[in-house]
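Dropping the structures in below, format is structure tokens.
The same subunit A turns up in both complexes below, where it pairs with subunit B and then with subunit C.
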Partner chain A sequence: MAVVTLNVNGQDVAVPAGASLLEATRAAAADVPTLCHLDGLNPVSSCRLCLVEVEGSTKLLPACSTAAAEGMVVHTHTPRLREYRRMTVELFFAEGNHVCAVCVANTHCELQDMAVTVGMDHSRFPYQYPQRSVDASHPQFTLDHNRCILCTRCVRVCDEIEGAHVWDIGSRGGHCHIVAGLDEPWGQVQACTSCGKCVEVCPTGALFRNTDTTAEKQPDASLPALLRSARDQHRWHNQ
Partner chain B sequence: MTRTVIIDPVTRIEGHAKITLHLDEAGHLTDTRFHVVEYRGFEKFCEGRPFTEMAGITARICGICPVSHLLAAAKTGDKLLALSIPPAADKLRRLLNLAQLTQSHALSFFHLSSPDFLLGWESDPARRNVFGLMAADPDLARAGIRLRQFGQQILELLGGRKIHSAWAVPGGVRSPLSQEARDWILERLPEARATVTLALELYKKLLDGPLQKEQLVFGDFPSLFMGLVTPKGLWEHIEGRIRFRDATGAIVADQLSEDDYADFLGEAVEPWSYLKFPYYKPLGYPDGIYRVGPLARLNVCDSVGTPWADRELAELRQRSGQPATSSFAYHHARLVEIVACLEAIEILVADPELMHGRIRLRASLNRNEAVGVSEAPRGTLFHHYKVDDDGLLTSVNLIIATGQNNLAMNRTVHQIAREYIPDPVPAGAEIPEAMLNRVEAGIRCFDPCLSCSTHAAGQMPLRLQLLAADGTVLAERLRG
Partner chain C sequence: MTPTPPAAKLRLATVWLAGCSGCHMSFLDLDEFLFDLAEKVDVVFSPVGTDVKIYPENVDIALVEGAVANVDNLELALQVRERTALVISFGDCAVTANVPGLRNLLDGGHDGAKAVLERGYLELADATGQLPFAPGIVPELLPKVLPLHEVIPVDLYLPGCPPSAERIREAITPLMAGERPVMEGPAMLRFG
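What follows is the complex of A and B.
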């Protein structure tokens, strides 16, 4: 197997050719934070939390979608990166309506955990308090746009794993939002198989089961990786 | 020149308020007003949210009695799902509410009101609080604090946390009572009983001595009383139907359903307070004045149904009348209700059903409108939701206990001010602090929770102002 060797935070590591920088940082036990990334799904680099510094590059590079290359020298936790990561999380909170105290995902929320990880005790940016809706038209699940951070995990898991492609991003810029089908109420989208994978991978309380109340959501974000590896290894008898 | 005395903020209550005493040009008292000066807007911003969130959201209205909102919201949710919760869930909810009543009443009696009784109306206001009580009678203060802890700890044992648990949900509750929790409750019950015995003995001595006058002038007037009772007319705090009794003891209405509250309750609004003025509709506003809370519950019921509480209730009725019409008797009623709660808790924890069996049902939305009711420590609490076909709220109405006592609180303040303020007030005269304290204490009889009643935030200091006819502030006392 071809490998590439590179240096992460002063430590030499070897990873298979084609591996991402994120995998390389994991090999070096450098804990690079991520929100949109999920093992088993293709990377989109939308959350910008995994940006790293690579010597020789004037730009910060997203570790999840940058291929590890021979001889790279990577820094994952410089003061500049720490500051940017905290700002990024602050912007997530300022941009939506995140009320942890009454949220279904309270204590099981990746955004909440990330705020702790990056040391965010308040947002330095003014809260936008956007007027957003709740789509509760599905008989089993609800989408609360107030809590959505546009990580697109739901879009990808539905497309890449379930193959239903119910979800997409609608509109542009600050008006971007998740849409079901052709921007229809979720409950009317016939393509939805009600499998619930989107709910399992949502990092916040944006997608939840209708019966979940405060702090009751217990997602399983390992599902895509499990399903993908099971398929790759032909673990199912009907494959 | 007419004047107005303003007490702002009112202290040792939950929330923000002020009291104004209005004098005419000759210095005679013409009007008193209890103003609630906060606004939070829960009814509005809950619109558009799933009804399943209401237990979690409305519990945040208050840190003292989040359980009351939790239960009212869960009960309203049950009705939207059109289901009857399992018997074990019903009993667990009852246990939660009994613990809530115990802790809140202990807080009101020991922490907030007893400093007035035990340290004296004229004592130094800087020490006339629970810390002053700790210095003067550390054993009593400790017992009172531990009684409240007993209630709070049961809330935590059931719901995982003392404040703002989301344990009661539409369809039931989240978890049963553990064996360890049951053992802890049984172990601490004797101490709780001893504390309330001590408090009752102490309070009755005070009633026979230094507090005799307060019984007569702290809001003693005829009014209706409203509360839940069982189908047989016994004391009730979570299920049951609504009963109104008048000041003569006659039952005016009985076994009313909360679903029909709009038929018998109206909500008036005055421009000087954010707190609404509910009234009994058949008598109109303001003649439909009624009181809710511990005294009202004990006035409307025929009996409590447990031996010790019934003995204490008989003594309360002997001392204060049947029904008791003095608002000062709320303090006594709180102690009697703690007795009732402790007896009910003892019976409940002996029931093995609390630790096993089905405790939560799940269902889809089956109704678009529902009203839930529970007895909060301060009185009857209504939650009324309308939802669309997806379960998103289109309308929310919360009728809070303290709001229902609003007319009575205003009348109480007026009666106390008439008794203790010189008539006429000489021009330029200072209002004695002890008088202002009595006016505040009149409000404290009701243990008002203004955070809930306006769904408003914050502590509750009190401002008292003396106002001239033209609105000029002539004297002011501010305590927080």
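What follows is the complex of A and C.
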């Protein structure tokens, strides 16, 4: 197996050729934070939390979608990166309508956890209170756009794992939002198999089961990795 | 030989703006720690500790619960800042506007106060419904509910809905010794 060696935070690590920088940082136990990334799904680098510094590059690079290369020298937790990560999480809170105390995902929310990880004690950006809707047309699940951070995990798991491709992103810029089918009410999209994978991988309370109320959502974001290894390698990690 | 006079106590205030008082209930959950606290501080203003109506001068530390939602909240917040050395945003409503801030979403984001008043006093009322109007008696709602730090500079943030008694204790104990608490990790920082 071809191997590349690189340096992460002063530590030399060897990873298989083709591995991402994120995998290399994990090999160095660097604990780079992520929100949109999910093992088992293709990376999109939309959340920008995994940005790292690579010597020789003037740009910050998303670790999840950058290939590890021979001789790279990577820094994952410089003061600049820490500050940017905290700003990014503050912007997530400020640009949506996130009210942890009354959220279905309270205590099981990756955004709520990430605020702790990056040391966010308040948002330095004023809350925007965008006008967003709730799609409760599906008999089992609800999509609350107020809590969506556009990580696109739902889009990807439905397309790449379930093969139904119910979800997409509609509009542009600040108006971007998740759409079901051809921008229809979710409950009317015949392609939806009601498998619930989108609900399981959603990092916040944007997608939830109708039977769950405040702080009751308990998602299982390990599903894509489990299903992918079962299909590709016929290995069931949970057994 | 004259006995040493007791060290001057810190002057502590707790303030209740637009919140449910849950943060104050959590403060009371400090139980016997309140005895230790009482040896170190004078509670000079507090809805649960004094009957003082006017916010006093020369306050050392103020725990401010709640968002800024009406003209009384605004006036008191400004007084607190003017008369207090260290202002603490106490709980999620003060830190983020939280549940009181949900009305900012109404009326297309323009005037949530108008929207909630019309809903409560006109739309859901019988035929005699009317909007409350009593200048100087009923404080007027501000169009938008704001977190405390968007109104006055805040020195320390103590999130949580409510912050647990343990979190409150861990935050204020160092302050008693003139030190800053380390606000890091899930025990000290988590919203909600």
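Please note the rule applied: the second predicted complex is superposed on the first by the 233 of 239 C-alpha atoms of A that agree within 3 Å, B and C clash if a C-alpha of one lies under 4 Å from a C-alpha of the other, contacts with A are read in each partner's own complex, and residues count from 1 in each chain.
The definition used in the following text is that contacts are C-beta pairs under 8 Å (C-beta built on N, C-alpha and C of every residue); 3 or more make two chains touch, one makes a residue touch a chain.
Predicted model only: the values in this text are computed from it and were never measured.
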Which superposed partner A:129 touches (first subunit B, second subunit C, both, neither): second
Tell me which of subunit B and subunit C touches more residues of subunit A. C
Could you say whether A:210 touches subunit B, subunit C, both of them, or neither, answering first, second, both or neither? first
After superposition on the shared chain, which partner residues are touched by A:45: those of subunit B (first), subunit C (second), both, or neither? neither
Based on the superposed arrangement, let me know which partner A:65 touches: subunit B (first), subunit C (second), both, or neither? neither
Contacts of A:9 with subunit B and subunit C, given as first, second, both or neither: neither
Who does A:116 touch here: subunit B (first), subunit C (second), both, or neither? second
State whether A:102 touches subunit B only (first), subunit C only (second), both chains, or neither. both
Check the residue A:142 against both partner chains and state whether it touches subunit B (first), subunit C (second), both, or neither. first
Following superposition on chain A, which residues of subunit A contact subunit B and also contact subunit C? 101-102, 215
Sort out for me which residues of subunit B touch subunit A in the complex. 48-50, 52-53, 55-57, 60, 164, 166, 169-171, 174, 362, 364, 390-392
Please give the residue numbers of subunit C that touch subunit A in the complex, ascending. 89, 92, 95-99, 101-102, 104-105, 108-109, 147, 149-150, 154, 157, 159, 161, 183-186, 189-192
What residues on subunit A touch subunit B, complex-wise? 101-102, 104, 133-137, 139, 142, 187, 210-216
Taking the complex as given, what residues does subunit A use to touch subunit C? 93, 97, 99-103, 106-107, 109, 112-113, 115-116, 119-123, 126-127, 129-131, 215
